[in-house]
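In what comes next, subunit A is part of two complexes: it sits with subunit B in the first one and with subunit C in the second one.
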Partner chain A sequence: MALELPKDKWSGSVQEVVIGATAADGGTRTAAVTVGGETTMPFVHFEAETPNRPVLALEIKDFRPNDWSTLLLDVWGEATNDPGAWAKAAEEAGADLLLLSLSLTDPEGNPNTPEAAVKAAKAVLEGSGLPLMVYGPGQAEVDNELLVPVANACQGERIVLGICEDKNYRTLVATAMANGHLVVGRAPMDVNLSKQLNILIKDAGLPLDRVLMDPTTGALGYGIEYGFSVMERLRLAALRGDAMTQSPMSVNVGFETWKTKESKVGDDVPETWGDWEERAISWETITAITLIEAGADIVILRHPESLKRVRAAIDNLITAPELS
Partner chain B sequence: MYIIGENIHIISSKVKEAIKEKDAKFFQEIAVKQVEAGAQALDLNLGPRKKDGEELFPWLVGVVEEVVDVPLSFDTTNLAAIEAGLKKITKAQPIINSTSADPERLEKVPLVAKKYNTKLIALTMGTGMIPVTADERVNIAVEQLIPRMLEIDFPVTDLIIDPLVLTVSGCQEYCPELIEAIRTLQYVWDPSPHISVGLSNVSNAVPNANRPLINQVYCAMLMGVGLKMMIADPLDKELMEVVRIIEERDESTALSKAYLGISDKIGEMEEVTTDQFDLDDPEQKAIWKTVQILMNQVIYADSYLEQ
Partner chain C sequence: MAISGIEIYKMLPKTNCKDCGFPTCMAFALKLAAKQVELSACPHVSEEAKAQLAASSEPPVRLITLESDGHKLEVGNEVVLFRHEKTFYNKPGFFFLVKDSEEPAAITARVKEIDAFAVNYVGIDLTVDGFAVKSEGEGAALAAAVEAVRAGTKRPLILIGDDPQVLSAGLGKLDGEKTLIATATPENWEAMTDLAVAHKASLVVTAGSLDELAELTPKIKEKGLPNLVLDPQVSNFNDGVVKNTILRRMALAKNFRPFGFPIIAYPYKAGVPEVEIALATQAITKYAGFIVLENFAPETFYGLLVLRENIYTDPQKPIQVQPGVYEINQPSPEAPVMVTTNFSITYFSVANEIESSGLPGFLLVADAEGMSVLTAWAAGNFDAEQIAKDVKRFGVEEKISHKSIILPGHVAVLSGELEEELPGWEIKVGPREAVDLPAYLKQVA
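On to the complex of A and B.
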C-alpha cells in the first residue's frame, strides 16, 4: 500500500537574496550566491524542493588575530598575515563566500583606521572572486567609522555589511542603500526583536531582498537548543506569510564554537575528551549541521576541515531520500 | 465586569512620591477618581515595604476609607503588613492579593484570610517556573489551591483564582493559553471560585502608545470566555467602553460590532477571521492586527501596527 505523506500548505516563503555582483551586474565577483527562497521547513523534500542550498562562508581577518585558537592560526598559516592571501586560501578550501571581520586594533594595539579597513577589503576582493561579507569589530561607533568607507570603496560589489542592531542600524542601512550593498541585522535570540529590527531596517528604506538576519545562536552545549527554536519559530512565521520574518538567516557558528572551552582548551582536560583538534572541528561541524536543520541559509565557519564536513552533510540533506 | 482599580501601584512615580510625603490627599483623589470611573474595588500595591509596611498599610486604609466604601485589595508579599491593614478595615470585605501554590505562602496566607474574613486572590503558580500551558494552570488550581481552602474550611466562593496574564512581548505563545485556562477554570469546582486577572500585564514591556489597544482587545477575548473580574485601569475610557459594549451586546457601530465579534468567536471556540473587520478602517485594522499577535498567529514586534 502506498503511504500518503501529510503535507503542510504554506502561504509564504523565505525571501530570496543575491549576494555579490559579477561583471554583468557591475561588480567583479566570479559568481554571485543566492540564498533563501524556501517554501517549506528545512529539507521537507516531499513538500517542495529546497531552491537554494545553504551556503558556507569562511571568516578571515584584516590582521592576524591574537585571540584565535592556535589550531586555526596553524591551519591557515602564513595567510593570516595577509587578508588577500587568506581570502585566496579560503576560496581554495571550498568556501561559497567570505566574511572579512575587521579588528578593533592592529597587532600593535593601535586603533584600526578606515584606510586600513579599505585596504584589507580591497585586498580580499583582489585575492578572491567570492562574494563578500564585511563585519565591523562590534562597537557601534567604530563599526560605522570603518564600514562606511569600506562600503564606498566596494561600491557595486553587493557586499553584506554587518552588523545592524536596534541601537545602530541607520548608518549601515544608509551606506548600503547608497552603494548597492546588503545588510545583516542581529537580535539576541529573540523572535520579537528580530522581527522588530527587520521592520526598522525596511522603514529606513532598504528593500527586503537586501536584508539578512542573524538570529544569534549558541554553540553545541551552550544554548543551541534555544537558538534552534528561535530559528524554527522565525521560519514558521515566514512560511505563514509574515514578511518581516522572511529574511534568510545567517549564523556565525565559528565565532560561537571557537570560544567554547571544548574548542579552546587543549591541555589539562579529561582524557576522555579525546584529540583536541578533532574535538574542536567536531564542535564546529555539529553546531553548523544542527543550525542548518533549523533553517540557516548562511553558515560562517573558521576551520577548513569543518567546512568540508558540513559540505558533505549538506550534500546528503539536499537530495530527497528514496522512499520505498 | 467587576473591576479592581489598579492605579494605586508602586510602579508609578507619583505613587512613590506620595508614599514618601504621606500625601493623603493624593491617595484620596486617585481612589475617588477610580471609583467614580467604575472601579468596584481598589488594589493597593505598595510593594513589599519590609521596613514600614505595618505602619503604611493601616495609614492608607484610614485615608482611603475616609472617601470611598469599596473593598480594598492588599497587594503585597508582606503578610504582617496585610494583617496590620486588615485590622484597620471598617467598611467592605477586603481582599488579600495574593497567595500562590508556594507551600509556605499557601500554608500561611489563607489562614489570615480566614481569620479576617477576606476574599483571597490565589495565583496559579508554585515555587518554580511560571506554568504556561492552560492545563498546568488549571491543575494548580484544582490540585493545590482549592484543596487548601477546603482543608481550612475557607469558602471557595471567597476564593479568586488568578491564572496569570503573561506579556505578549516575550511570552506571546502563552496568551492564547490563558484564554483556555479561564474557559476551563469556571467549570472545575461547584460552587465556582471567582476568576480574576491582572489585565495590563499583557502589555508589559510594550511601548506605552500601544498598551491600551492590546489591553482592550485582550479584554474582549477574555470576556468572550466568561471573565467577570479583573484588576485593570478604570480610567482607561476606551477599555471601559469595550467592557460596556460586550456586556450590553451593543451592535450599534462598526467598532462595537468588531469587538463583539471577537468576544463571540473566542467564546464559541472559533477562529477570529479577517472578514470580521473592515480593513479600510484604520481602527479596525489595528484591532485585527492585535488579535493576530494575541492569538500568536503573527510574531509580536514593537512596531507590529506599522508592519
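On to the complex of A and C.
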C-alpha cells in the first residue's frame, strides 16, 4: 500500500498462558490450549500477527441442572445426566476446552460434597481429552471445600480453578501452586479492581503465566456495553505496558445470556421477539462476537450451535486479510 | 481534529481591535476553539486563514443526513475510536435490501412487514431505518421497484447500482428526499457525482484498494459533492476489522480528510443468515455507519437493534427512569408494593413482568443513581436508608392500606436493616429474577 498505515506503537503485550498438560508435560490431555500473547488491539493484523486464536469453552455441570433452559437440556439430552458423557459430547461439538461448573447442591437438594466433585472432575477428564476449567458454585467457603480436593485429584493436569475474588483467592491460589494449576480471577467491571486482584494473586506466589482474568460482563441488553468497554480499556492498558492488566481475558457468555428473559423464556413474550430458539442462540452469539471484538481470549458458551457460529467467525478473524 | 485556541490565534490579525465583541484576539480564539462563537464575528480575518480554519473545524467524520417524508437519519460526526473515551454519537442505520428483480407486489409486502416492525427495549421502540433498493436491470425496473417500496414505507432509501442512468430513473421517483446512492467507482465517478449533486443525494464511494479510495474521495469533493460514504469492500470478518480500523483511525487520529466519512457495511453479501448476523454484530462494534441486511427475522433483528442501542449509549450516563411510585394494572390500596432501582433495564424488566402478570401492584422506584440492583447495592446507593427515605418521599403509605413491601431477592440481606428503618412494616423478600415475579405474586396475592 502507498498509504502510510496508522499503526500504533505498543510497548506491552498480553501474557501467554498455557492451559492443560499433555502426557509430555505430566498430564493426560490430548492437547494443550495456548491463549494470550497479543501485541495489538483485537485483530489489527496490519500491526502484528495475532499469535493465538480466541478459544471457546463449553460449560457442563456435575449434575443435570434444574435451572437451565429446556432448550439447553434438550440439545444436550441424556448426556446431562453424566458429566463424562457430557464432556465427550461437548468435545464432539467442537469445544477447545471445557468448563465444569460445580453445583451447590445435588439434584435432591443436599449440599454438594468433595467426593462428588472429585468424581465429576475425574469423569470429565476421562470422557474428554480437552483442557479443563473447574468453577465452584460461587460461595467462598463451599468453593474452597469442593475445589481443593478437585485440584489435588487433578494434579499435573494444568486445569484452571475459579473463581478468585478479592476476598477469596488465597486458598485457590495456594492449591493451584501446590498442584501445578492455574486460576482465573474476577473483578466487577473495573480496570483498577482487576489490576488489584492480579497484584494480590501474584503476591500470593502464583506466576502470571498461570493467571487468567475475568473482567465480568453483562449479556446483550443487560450491561454488555460495560463489559465491552472495560475489556477494551484493559487491553489498551496491557498494550501500554501495565503488567498487572496483561492476563488473558475470559468471559462467561453462556452464563450471562442464558439467564436473560430473551433466552430463558419461550411463552408469554412479545410477538416481536420472534422464534425462541433462534433468539436464544443469537443472544449468545451476538454477545460472544461483540466481546471477542473487544479482546476476549476465552469465551465460555452453553449451546453447541452458538459455538459453531462463533467458531466460524474466529476462524476468519484470526487470518490476516490481504490488503491490495 | 479539534484545533487549539493558540493555533487559531496565530491565524487571527492579532490587532485586538475588539470588533468581534471580545477584548483581545486571544479571547476570541479561545471562544472559537470552544465552538461558542462563529468565525464570521471577526470582520478582519484573511481569506487564507478562513479557508484553513474552515477545513480544520470540519468534523473528523462528516455528518451524513438521509431524509424522507417524516423520517430523518443522521450518521457520522464520531470523534473517538473507543466508546469509553467519550461516546459514540450517531447510531448506524439499518437498511433492508430489496432487489428490483422481485415482483412489485412481493416487494411492497416485504417492505410493509419490516417497516411495521417495532420492538420495545427499555421503553424505546426500536425499528428499521430504511431500505436499500438494488438495481439488477434497466431503469424502468428500478423505478418500478422504488414505487413498490414507497407503497410500503416512508423511510429513507439507498439506491444501489453502477449505472448512473439506471439510478437516475429510480431517483426520479424520490423528489424532495435526501437519499444515498451507491456506488461511485474510479470508472463512473464523474457521472455518479453529477447525479448525486443533481438530486442532493449522498454518494457511496468505493475502489479496488484503500489507496485508490483515498485518491477518489478528494476528486469527488472537489467536483462539489462533500456528502460521501465509504465502502471499503469488506468481504469477511478479518478485513472488516482491519479496513474499518484503518479508515476510522486515519480519520480521527491522523485527520486524514479523504477518509473523513461514515462507512457502509453489507453483511447481507455473506448470503447465509447466521453469518449475516455475525458480520452485522461486528459492523456495529467496529465503526459502520450504514448496515445493509437482507434476511429479516424478528428474533435476530431484535438482538442487533439492542446491541446497537447498547454500544451507542453514553458511558457517562446510564439510561435511567424517574424515581417515584409507578402504579401498574390499576392497583387498589390492598395491592402489593415492590421496590426496585431506577436503572432503565432494571425498571423495565420488573415493570414488564408485573404488567404481564395481570396483577395490580405499586412499584417503588428508588433513586439509586441509575444503577442496577446489585451494582447500586454494592455502591451504597440502594440501602435500607435510601429505600425508607423514598418510601416517605413518594408518599407510599398514603396510597396503601397495608404496611408491607417486597424486596428484590438479590438484596435479601437488606431486610433486617429495612425493618429498623421502617418500624411496623413487614419486609418480604421476592424472587431473585424478575421472570419469576408473576408466579410469586400469584402466590402472595
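In this text, the second predicted complex is superposed on the first by the 323 of 324 C-alpha atoms of A that agree within 3 Å, B and C clash if a C-alpha of one lies under 4 Å from a C-alpha of the other, contacts with A are read in each partner's own complex, and residues count from 1 in each chain.
One rule holds in what follows: a residue touches a chain if its C-beta (ideal position, glycine included) is under 8 Å from a C-beta of that chain, and two chains touch if they have at least 3 such contacts.
From a predicted model like this one, the values you see are computed outputs, not experimental measurements.
When both complexes are overlaid on subunit A, subunit B and subunit C end up sitting side by side without clashing. Seen from the Cα centre of subunit A, subunit B and subunit C lie 60° apart once the structures are superposed, a value rounded to the nearest 10.
In the overlay built on the shared chain, the residue A:290 is in contact with subunit C alone; subunit B does not reach it.
When the two complexes are overlaid on their common chain A, residue A:203 makes contact with subunit B while staying clear of subunit C.
Once the two complexes are overlaid on the shared chain, A:316 sits against subunit C while remaining clear of subunit B. In the superposed pair of complexes, A:224 makes contact with subunit C only, with no contact to subunit B. Residue contacts after overlaying the shared chain place A:240 against subunit B, while subunit C stays out of touching range.
In the superposed model, A:195 makes contact with subunit B only, not with subunit C. More residues of subunit A are in touch with C than with the other of subunit B and subunit C.
The overlay of the two complexes leaves subunit B and subunit C separated by a minimum Cα distance of 7 Å. Where the contact sets of subunit A with subunit B and with subunit C meet, they give residues 233. Of all residues in subunit C, those touching subunit A in their complex are 82-84, 117-121, 208-211, 214, 236-239, 241-243, 245-246, 249-250, 253-254, 274-275, 277-278, 281-282, 284-286, 297-304, 306-307, 310-311, 313, 315, 345, 349, 356, 372, 375, 378, 433-435.
Only residues 1-3, 5-6, 41-46, 188, 220-226, 228-229, 232-233, 236, 259, 261-262, 264-265, 268, 270-276, 278-279, 282-283, 285-286, 289-290, 293-294, 309-310, 312-313, 316-324 of subunit A touch subunit C when the two sit together in their complex. Considering their complex, residues 190-193, 195-196, 199-200, 203, 233-234, 237, 240, 242-245 of subunit A touch subunit B.
Across the complex, subunit A is touched by residues 169-170, 172, 297-303, 306-307 of subunit B.
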